[in-house]
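Listed next: structures, encoded as structure tokens.
What follows is chain A paired twice: with chain B in the first complex and chain C in the second.
So, the complex of A and B:
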């Protein structure tokens, strides 16, 4: 149950399932930590799909598709009424 | 149907939080800044595009007018990307809100006019009276020119708002009509084709930015450097 390496320094894939709540609670939730998390995520995506020698259009398209999904979720409340039903 | 038509123009909020700030800041992600001499394809493509626009727009200005290059190029990039992103399904276009367009038009126009008044006062005032007018007409013409000057920022803002809003509204209407007509299939093909053509024409929303910045540009040039 207790591991040799401290829980805080492990990556997500190495954390055992029982240790997950304590791992989540030990993450850095200060503003600086949250900004750092967004930066890491952005650069991870950017360096994998866009900042490559022969980047294709798919790198930008995935971002646009995520944007469309996000906008759909935001406007779901109004779109609910446009379904094809007998009784709305 | 009546309420649904304008529902897409409501400012988006998520449980009271203004998501519109995220939506306005979103095109910023799509323009990464160049780090190296030779960049990845996205950045190189944007660099080429910006150089094209820059050469087209800034050649007619003198040294003083060219200090506005950064402002004008970022303006056209912002309005262009925002309008094009609004063509995606279910997305919200910030430029449909008159408040935002007024916020863009009035400071820029005022900056141009005030720069002209500060540096070339006599020439700026002389714009109110075209050359060679008959003497009895002078008072009326000065009033007309003043009105036409003050209407410029309003025209800039309302032109952009009305064009984009009208285009989106028309697409909603025609799309809805097509959907209803599928069960009565004779004019369906024709209406769908009209939608397609309208969407293509609307893609020339980019041309609208051209109109926006170009008009702004002409005004700047006239007031500042003549």
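So, the complex of A and C:
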């Protein structure tokens, strides 16, 4: 479906589902682009939650929670053996 | 030109592929821009006006070299032919060359080079964000850029035109007061807003509960001894944060504010200093208006000194004259006195001489008789 604004420049939330593959392919996958993407993401988070005058603990808390989840996912393989029931 | 340092390879040189589209700033007045890249190495300021051997010029036609660019007054109308353009620029250059004696070496070379070049030079501003390409750019135009000659005698004027776009983020916008809202300390508010149209207010909470139960029942989340320690620790943390969070936040905010206040103080002190300096300067400027008082006082002093000297001398003259006159008077008095005394002495002497011995005896006897009479009288009187 044709859209008025070229797909290239839309943000992710404005991209329609049908255009998603082309949007993904459009992204810059060079090392520089990837690094840039990480930088942008970092600065977005940083400027929204941490670089404010009266920041709350939520800024750090979210990062810690994400870390907890991530490490849980990594260690799920070993945790599987501690399940109480085999079949759910 | 003055702008570039010798030996500095043109920033442009590396990127000066001749077919790049030049981006440049359109100036309203006709100006001559010079790009000096590698010529400074070859030529010094004291270079004679004579030409160098043409062997070195064979390189100069390459794109890496300096040449004059002359932009016609209306940039919207490109020149009909590049040769005509070159001609006009050549004439201008000749005029300019005749006008001034001292030329920069780059200008000299540029003149020669531009004759060889069939191109209409364009002006490129590197790093210029808001440059707009002109209508008459073509692939033939060599790229220019870099530094520009400064005005020498008011004929040439080229200014640095880097960074003429609007500065962004200046002054820096202030920090936001609060961060993004987060619920339960973990989940950003945007998620709740995202689900609100479909599920209402309780949607995300139901989703959370459902997910937790699902993980527990399918044992995607396994309950281990670690779970209980986790629960205790998290509970403790939540309690501590709820109780002391606000005060710790205030404490840290105070620290921050102190730092900012310090800096602000420095800034204010500096501003005040400068203002004081300005006022002092103004006061001194005002004093300049009152300089004439100094000179008036000096004039008065001199006049007084002159007057005093005059009077002193007058007085001296008076004294001297009086002195002389007094001398004459005292001489006269003295003569008078001397004459008197002399006369008296002379008269006495003669009188004494005229008294004979006998006359003297008679006189003395009479005197004694008189004295006796007087003594009797005197004796008689005190008794009475």
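The criterion applied here is as follows: the second predicted complex is superposed on the first by the 85 of 88 C-alpha atoms of A that agree within 3 Å, B and C clash if a C-alpha of one lies under 4 Å from a C-alpha of the other, contacts with A are read in each partner's own complex, and residues count from 1 in each chain.
Quick note on the criterion: contacts are C-beta pairs under 8 Å (C-beta built on N, C-alpha and C of every residue); 3 or more make two chains touch, one makes a residue touch a chain.
Computed from a prediction, not measured in an experiment: that's the story for all the values here.
Undergrad: Specify the outcome, clash or fit, for chain B and chain C once both structures are aligned onto chain A.
TA: Superposition result for chain B and chain C: fit.
Undergrad: Answer with first, second, both or neither: which of chain B and chain C does A:67 touch in the superposed model?
TA: A:67 contacts chain B only, not chain C.
Undergrad: Is A:58 touching anything from chain B or chain C once the two structures are fitted on A? First, second, both or neither.
TA: The answer is second: A:58 touches chain C but not chain B.
Undergrad: Counting only touches as set out at the top, which of chain B and chain C does A:32 meet: first, second, both, neither?
TA: A:32 sits against neither chain B nor chain C.
Undergrad: Contact-wise, after the overlay, does A:88 reach chain B, chain C, both or neither (first, second, both, neither)?
TA: Once the two structures are laid over each other on A, A:88 reaches chain C alone.
Undergrad: Classify the contacts of A:50 with the two partner chains as first (chain B alone), second (chain C alone), both, or neither.
TA: both
Undergrad: Does chain B (first) or chain C (second) touch A:80, or do both, or does neither?
TA: After superposition on chain A, A:80 lies in contact with chain C alone.
Undergrad: After the superposition on A, what does A:11 contact: first (chain B), second (chain C), both or neither?
TA: After superposing on A, A:11 lies clear of both chain B and chain C.
Undergrad: Between chain B and chain C, what minimal C-alpha to C-alpha distance in angstrom results from the superposition?
TA: 5
Undergrad: Please identify the positions on chain A that touch both chain B and chain C, taking each partner from its own complex.
TA: 50-55, 59, 72, 79, 82
Undergrad: Would you tell me which residues of chain B are touching chain A in their complex?
TA: That would be residues 4, 7-8, 12, 14, 19, 26, 29-30, 32, 40-42, 85, 88-92 of chain B.
Undergrad: Could you pull out which chain A residues touch chain C in their complex?
TA: Touch list, chain A to chain C: 48-59, 61-62, 65, 72, 79-80, 82-85, 88.
Undergrad: Could you list, by residue number, the parts of chain A that touch chain B in their complex?
TA: Residue list for chain A touching chain B: 42, 46, 50-55, 59-60, 63-64, 67-68, 71-72, 74-75, 78-79, 81-82.
Undergrad: Please name which positions on chain C make contact with chain A in the complex.
TA: 175-180, 182, 185-186, 188, 217-219, 221-224, 241, 245, 249, 253, 256
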